[in-house]
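Two complexes are shown next, each including subunit A; its partner changes from subunit B in the first to subunit C in the second.
Then we have the complex of A and B:
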């Protein structure tokens, strides 16, 4: 699992690459802590290369979303595959995040 | 026929009674007064008769005395025949009542007087003429009056006769004569002195006094000939016996004989068809008899008149009395009549009919006022009754709605699980009243059948309220609590709190794990269920514990058993064994058990059939009696499916998160082998990972090593993932659901795992078996 964070102006883009299973969530939790620093602005989670997400991964997404909400920023989830979309649907995350194709 | 009014009837009775008294009194009065009148009449008539007879006798005596006085003068002066005229004349002069007097001598008694010498004086209306009577045409010595005393040789009275005188100076009147023989000193007869009395005059004298207007006197001679009679045609021609010649009449005959015999007395008889009283008395030594005939009508005339007057007065009086009484009573009854009219109006339903208040203080007034009070009371009661009925109707309506609501709360779709082949349930509740205190419920969660049956103490509305609360609590608590004793404990705690009315519920809660047939149950004072299975029928052993609601914090005991496949669990409330027939005999538990045995022997396991048979047996037993208690039955048939395992794999991992990719690989392989697509494979991976990571994180104390085993079984239509660990008991299915509709701020970070598992898998089931947590997740293979 790999996370590439790229910040331009107030927009921070995090490229999530690989399977975000439970161990991977632990692995990248530090990256998400970093991302919260940019939560006052716009954080784009680029899921083009994200194959899988577990509930631990969802928890990371939700924590970031909460941080953004408290700082007045926003989180955009970009290019999720159909499998992850259905998980988002099951968990109600579709309503919490701005989804971009 | 119209009934006469009360006043008329009352008056008629009074008048009848008064009439009866009058009749009795008058009867006595009439009888006595008639006797008195009769006696008075007899006395009166007798006295008059006596007087009459006395007067006549006096006259006759006078005649005799005059005759006797003259007798010696004649004898003394036989030497002077002409002096006889003087004597004859003197008798008449001295006795004005006499009609005539003759002193007659035998032929040639006086030589110088020739053959005939009779000195005769006649009183004609006070004018006395004296003549010499007797000549060749009137040979007096051949007459009766002359011959009779001569022959009898004593003085006597002649029968009446007409004095015949060819010279025409004698009277044509009827006369009677007192004749006395004249005899010289030697006793030789030489002539007759005769003194005449006018019969008409005598008759007048006799008839002079009339005691009654129509009374009359008679006098008969010795032969019964009438000498005196008002009907002069009868004189001398008829006797007293004449009427008996035409028609025999012993009364008249007797009277005639008595009078002839010289008796004195009175006879009552009919003369010319008229009732008469005849008083009679002999007239001196004449042999004649004087009678006084008094018609009874005359005697009793006044009396009859009086009777008629009195009867008239009585009748008029009674009629007046009838009218007056009728009027008075009618007047007095007027208020009563009015009351009766109004009572009729009230009776016909017009309860608002105004009754006047009576000022009378008598019984009628009291009755009127009592009735008025009664009417007001009735009106009041009617209004209350109406109100009560309205309320009752409303309550009935509400009760019906309550019943509908209560019934709607019970499971009512049977069979409830037509798609399942491992379980069938049927339940039935029959309340004794509109609403009842019995309850039953069941549902399947996570491949477990949760069921309960209960009976609230008492019946009716109070019981139904507790029933509703109990059922709601059961549903709420068992939604995330899978252990029966905990479910009951929590219901008990909730119900014991503020249980002022001391109601309680006997409750049986069972949780049947459908994959394994393992049943956990807890009994709170309820009747033990009956198990009807392949090998027999019998009661499920239960701890009685306490009913729910009696004591908070009571430790309810958990029991466990394994239900063999094809066994039916029959649950019921005490309405079944305690169903009463008309003699108050109870159905009893032994009948229930016997019937269960009977059903078992006949291989009847279907819940519907068992409950139908039980119901009909109870109905047959109860008969016509009213249902005494709510009756509820619940039957659960368990049939464990014997699945054919086509695919099986097992993976055991330590509680190390680093082993998760191994798990993912394993799941990917399993999914591929069972034909799941990419999307499903990822979702299944997600669900299994959540469950396994949960065990890895929490089942074992931190720092200790434990295993988690994943068994995968497939029968071709569905795949079971069984996650087993031997760690701390933990039931993930008991976790509350997360609310995915909340906003990001409100949503908690945790709880998503079990939510995802429920979303992804078709069935989820947790069991604690032999110290191990067994979580079964089932996913159907979509074709």
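Then we have the complex of A and C:
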């Protein structure tokens, strides 16, 4: 699992590459801690190359969203595949995030 | 740019005293404004603005040039420091006044309730002015309290009235008075509406608490009160228990337009949907997450799956489900994909194949 973070002005984009299962979530939790520093602006989680998300991955997304909400920023989840979209829907988190195709 | 003023020694002495004390005036300005802000915020009183200013040198010089003989010293001039609280509602002016009375010492002899001194056949500048003082500061200051509409009128009147330098013909004065009267009526009506709304909310909350949900129409206020009863909790817990999942609380107000678009009219209708479709919603959730290791769900899973069960069972089909997702998440082609998937998943579930 790989995370590539790029910040331009007040928009930070994190490319998530691979499968976000439980071990991978632990592996990249430091990257998400870094992302909370930018949570006052817009954080885009680019999921174009994300193949899978587990509960631990959802928790990372949620804690980032919580940080953004408290700082007045926002998190955009971009280009999730159908499988991940179903996970968001089945767990009831779909309308919590701004999801871009 | 400063104008050349013709001031005698007496007036110049007052101006000098003003300049020497200017930093103190600014300190008191900040202190009093902060105190006012905090007291109003603590009382939960939302106001449109709290403004303050210390009179500018030129403005005071102009005043002294015109009527300097009226004042023995700087302490006779009560508007060097002025604060203004602008409220949204007429009845809030009195609430602000009582806060001011608690915070500062009021010089009642010189304070004016301009709301009361009008002749019965005239309208105009309505505002409450208190002349105040605080311990340790020898100068008095003025606090004006008025509504937004009184403020609007006062500013327009100020602009078209005595500062324009031209005497206003009577017919224009009459038009201004008519406007002032109209604004006074509007202020009254706003206050009445607020009182009626507060009363309505109280009655609705009482109905919700007493369980008379059939009598309560669905709107933003009533739905919010209903959510305080946590009507979807039981279903959410039942779904969570499947995977020993934790439930993340999320806002459920976005479901208000969904319930409305399902044709539900009263909170009683929502309660009926919960009663009738909870099993269907649970079956759907079982199918979707029962065989996964997902152990986190949001509190919107209950209402979401209830709405899906209701729509499918009542013939809303793919279009109905897509409309629900469009309402919740914004329109998107992927909503159609999810609707299709749900149709496929639900078709073999027990609730879709029984009469009830």
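By our rule, the second predicted complex is superposed on the first by the 101 of 101 C-alpha atoms of A that agree within 3 Å, B and C clash if a C-alpha of one lies under 4 Å from a C-alpha of the other, contacts with A are read in each partner's own complex, and residues count from 1 in each chain.
The rule we apply is simple: a contact is a pair of C-beta atoms (placed from the backbone, for glycine too) under 8 Å apart; a residue touches a chain by one contact, two chains touch by 3 or more.
What you see is a predicted model, and the numbers here were worked out from it, not measured in a lab.
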* **Side-by-side fit of subunit B and subunit C on subunit A, or clash** => clash
* Which partner, subunit B or subunit C, is in contact with more residues of subunit A? -> B
* To do: Using the superposition on chain A described above, determine whether A:91 touches subunit B (first), subunit C (second), both, or neither.
  => both
* Asked: Looking at the overlay, what does A:55 touch: subunit B (first), subunit C (second), both, or neither?
  -> both
* To do: Could you look at A:99 and tell me whether it touches subunit B, subunit C, both or neither (first, second, both, neither)?
  => second
* Using the touch definition from the top, say if A:83 reaches subunit B (first), subunit C (second), both or neither. => first
* Touching A:63, do we find subunit B (first), subunit C (second), both, or neither? -> first
* Asked: Among 43-51, 187-195 or 241-249, which stretch of subunit C shows C-alpha clashes with subunit B in the combined arrangement?
  -> 241-249
* Find the residues of subunit A that appear in the contact set with subunit B and again in the contact set with subunit C. => 54-55, 58-59, 62, 82, 86-87, 90-92, 95-96
* **Residue ranges of subunit C in contact with subunit A within the complex** => 245, 248, 250, 254, 285, 288-289, 292-302, 304, 325, 328-329, 332-334, 337-338, 341
* Complex contact set, residues of subunit A against subunit C -> 54-55, 58-59, 62, 82, 85-87, 89-96, 99, 101
* Asked: Inside the complex, what are the residues of subunit B that reach subunit A?
  -> 657-658, 660-661, 664, 678-679, 682-683, 685-686, 689-690, 693, 740-745, 747, 749-750, 752-753, 755-756, 759-760
* **Residues of subunit A defined as touching subunit B within the complex** => 19, 21-23, 26, 52-56, 58-59, 62-63, 65-66, 69-70, 82-83, 86-87, 90-92, 95-96
